[in-house]
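Order of writing sets the labels: A, B, C, D, E and F. Residues in every chain begin at 1.
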């Protein structure tokens, strides 16, 4: 099984972090293909960054499917372009935010999310609502660090994540925590060990759900909202 | 990987239908174990049937885990005892309604559910709401046939399901349909072929998600709502 | 008028507490009949305890109705088996959580609930939502004491309840408080006196609403979700 | 026990209909006092009619309490001035819409409401939402007759009500129906007999709940939203 | 363009504050007409005050329209009688709470509201919900001062408003703040300067939206809920 | 006052339709500047079209602001890139869907929306929900015509729009209707005349609200979600 994991930003080192997490999560027969979206912002921090990243992400998905990818994981916690990707793709498309939330709703009655910058909090809150988890998600918290600081200063990042997860446990009554950034994947296990609650990495969750979707033969519905775009030639012309 | 699929009712032929669907969906390395809950109602049609079925279902789950089961699927679309099962189980527990809905929300912007009797409609509507899919789920429809009629008169059942799915497509704008009863699993592929939209069988969906949960190492949170019951000895004494 | 008040757990001393509260609330012409559910857990603390308690509760209701009970009160704040009870019963069935909330919504624009253990908080929050009081209910708080500690150490329980009610007033802006456990009934008046806001005991509220339902001739609807279970003989066979 | 039932409109014959319904519902020891609000519109059909009726209703409530009324029922299905009445009153105040809905939510999983004019539909829908019954209330329907036509042409009114209740049963899956106007009280029993589902008259429901509130000692919270108005002298001066 | 701004309370000095704010906001060609509602409470603090103020407000609107007003602004943050006013008026009617919220939702993803007394908090929270801003509005806060203290002790009022706005920024993550009382209009600019976030005065917002509605030719829908009251003569007779 | 109206698609004739509608709506002192987004899809019909159109739209907005635009209107009913635009812009940004809904909520208690293709229905429904109008918006309907058919076959388009508006009135109880496509602007007045309810063109609504925002000095909040993107140089580099 071939699963495409796209990093919507243009930072190759982050793609490598994501790839490692995806490979670790993948079942024996699963092949993980990754891509960095050239020309996208270096990190996705806000609505405009998302918007700049999506067209290239869609192109990457079409290319990956042409090369045999059976499912796609969008490895940014804002799930940028998720619905658009479902339109252009033939196989199922999994967002790491939606995947992390689906796993959290399966193992906990109440959970929290911890992300990077405060400006991402409303974006993720709105996703929580769109995915129907408002009742189960106690809060979306931030460690007040930019995405790339996760790589540049992992010790500070780890310490702040641990602090914020403990707050989620004690103040929110969170029974599990979802990490709100693809770049946090490597810290997942250690955070779980130190805090004592399940800590969910969206990339791992998405890879497992992608495998489940392909294995179960569940493909994106193509008769309604996610039908292929009406004018494909134009799309190609616009973003060569 | 060992996955336990429990049929909460006491009809063994329905367990066999469920087993076939589960085995068909399972990955090569997955072993499916099934059980029928002796003493439960012959079918689950309403809140009281659910209540009568749950204690035996919990006992069956504990027994299956003692014998090595790594995840549990509750194969009744009312997801009877799902939260209670998450308390008594160590591995993840998947309800076929929640699984079917999670798959539907991943492949379609709008979907409908088709179940057996009208009396089950409000039960399933409330699950849809609890699982956060009220915005995506257009309607819960019924074919007005009791559960066991699916086995006794499969032709009528198939015809009515096809009719109701087509209504969901035309009247609701449903882009995919979830079958609202474990006993409908065998008709799933044919219904998909004849109606042209993805038709989701909850048993298959749940088996794939159970595999994903075990594969990803996602276990039920045990520090909050789903902590083990406080007095296990009593539980054993009560339902020997 | 004959009202049946069932204690879904198996602790007879708690049934007596409930009986006293019910008798105190009852109108002159009302006869209160109580029962303890033998074989149920000693207290209801979580989803599994609920599940273990419900079948016996249903049997007790059918027996009580056969002996002339005109309405039933389920005296556990999780309202375990409420919908199932409405199926098996002919008369109206009142849950003490729903009753407490209905009274609170009639006398206050904003209220809070104080219960025993933290693990019950999400259960009650979901009931608040199901009963449509999410906007009016500020928070569900816990005193972090198990149910039976209310009897074993009433002084600590009282002190913690008073503290938590005061927090609800000051931090939540609660204008009234509902006690989130049948075992708290005896402390209700003293708590109201000391805190200065209406403190609502669910058992009293439920008895009054049960009287109102019987007096008004309001019986459970029997044509839809709450129609009698389809196969009564089986139910009897299963739980003799 | 003394219960005050106020008809917020100025049509005395409608007050008499309401009085009869209230007296029929009242327990033996309950004394029903009624009042018509002089100067109010002849019927309440829309927001402005409500607004015109409320100040006189508040005055009437204060007068009735001064004369010993222990609880108040506002006998118009728009529940005009309900929150304001809770501010000025010492005893509990029951709106017939909220009461009808609370009874419906206790006896049915799904219900509908049938009112008079289409223009009242959004008003009642918003009340349904405010009282937390959006999930249980299938629809608010109208018979397209003005309020006073219930008296002037009761046969047409009865026929249309029966038709609309049957539609609610067949099209909505309503398991019970609430009559959406105080003036429909007299037809309640006959409609229930002919349609086979519980038909709830808000006036009866409110009287029973008022008795329950008084009997249970539940008084309006006076420390928050429903504290007495800050400047009573002004209120008196304004509406002598 | 002639815009009528009605102060629903009877304090003329507050009308003058409102008038100044309205005139400052108005476009060159806009003429602002104001009125104080004689006989209304001195300030609107609670549901009963609202109820007492509405009939006179409706009369004032009808009079103003008869004298050429093309739109109406109700200058009290509880939006008292807004729907009723839309019934009696021909031109559009703007409530300052709804206007402030619409502006806030246009310029910020998350905002908070700061009002006067705690008793107004639930009233405004319910308006936030009715206007569909529950997801965007973080909290409704109060400075715990009566309305008229804004005039009597403006320094204390300003200090408390600044403190509460800063709390909204730091504790709620509010990106903008709406002032929850017409009497706060004069402090708006200074508060914005000192706190660094947009601070929205409802009166200004409403005047601009009123101009927009008139300029765009948007008039109140007159075929449904906001059709003229059915019996106008009665209305006149009741409140001469 | 200079208002920038951007047509996010690449069809210049549609920009002209939009310009005409904007100019007609504008106040005397308002200068309307328009732009077509070169390289965008010919029409916006689905999520992928939106995604392809947004980066160019953001660039256009930045250019227009550099040339003195004080507010921006995004003239596509899906409000593509609205939040991203609020990040990059200094002035307020108005989406025609949000504007149309705000106007509808001001003049009607219940309204419906009529759009082009069925595939846009869920997109608009989700916007309705995000803008908080779910309770007021009865339905989103489609005339089942692609966007460009509005220009190519205006007679068919008009006839179908009239039919669908009448259905909204009769079947939904809609008191007003919002046209769900910028290309429908020219038909707005005629549709209003023929159907008898207010018919709202989003472009006109947005222009009036943009004027109101500029006139009132309401600028986008720049301290939170809508702060400028963190790395502007990258944005420029990516989309030169």
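Everything below uses one rule, namely that a contact is a pair of C-beta atoms (placed from the backbone, for glycine too) under 8 Å apart; a residue touches a chain by one contact, two chains touch by 3 or more.
Which chain is which protein? Per UniProt: A, B, C, D, E, F = Aspartate/glutamate racemase family protein.
Every value quoted in this text rests on a predicted model; they were computed, and no experiment measured them.
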item	value
Set of chains whose contacts include both chain D and chain A	B, C, E, F
Count of contact steps on the shortest path from chain B to chain F	1
Chain labels contacting chain A and also chain F	B, E
Farthest chain (mean CA position) relative to chain F	C
Relative to chain E, chain with the most remote C-alpha centre	B
Mean-CA-position distance for chain B and chain A (Å)	27
Whole-Å separation of chain centres (CA-atom averages), chain C against chain E	43
Chain E residues counted as touching two or more neighbouring chains	83, 86, 109-110, 118, 122, 126, 130, 135, 173, 224-226
Interchain pairs in contact, sorted by label	A-B, A-C, A-E, A-F, B-C, B-D, B-F, C-D, C-E, D-E, D-F, E-F
Contact footprint of chain E on chain D as seen in their complex	39-43, 45-52, 54-55, 58, 81, 83-84, 86-88, 118-119, 122-123, 126, 130, 146, 224-227, 229-231, 234-235, 238-239
Residues on chain C engaged by chain E in the complex (per definition of touch)	109-110, 135, 173
Partner chain B, residues of chain F touching it in the complex	118, 121-122, 125-126, 129
Footprint of chain A on chain B - complex, ascending	25, 27, 83, 86, 92, 94, 98, 102-103, 105-111, 130-136, 169, 173-176, 196-198, 200, 204-205, 207-209, 211-213, 215-216, 218-221, 223-226
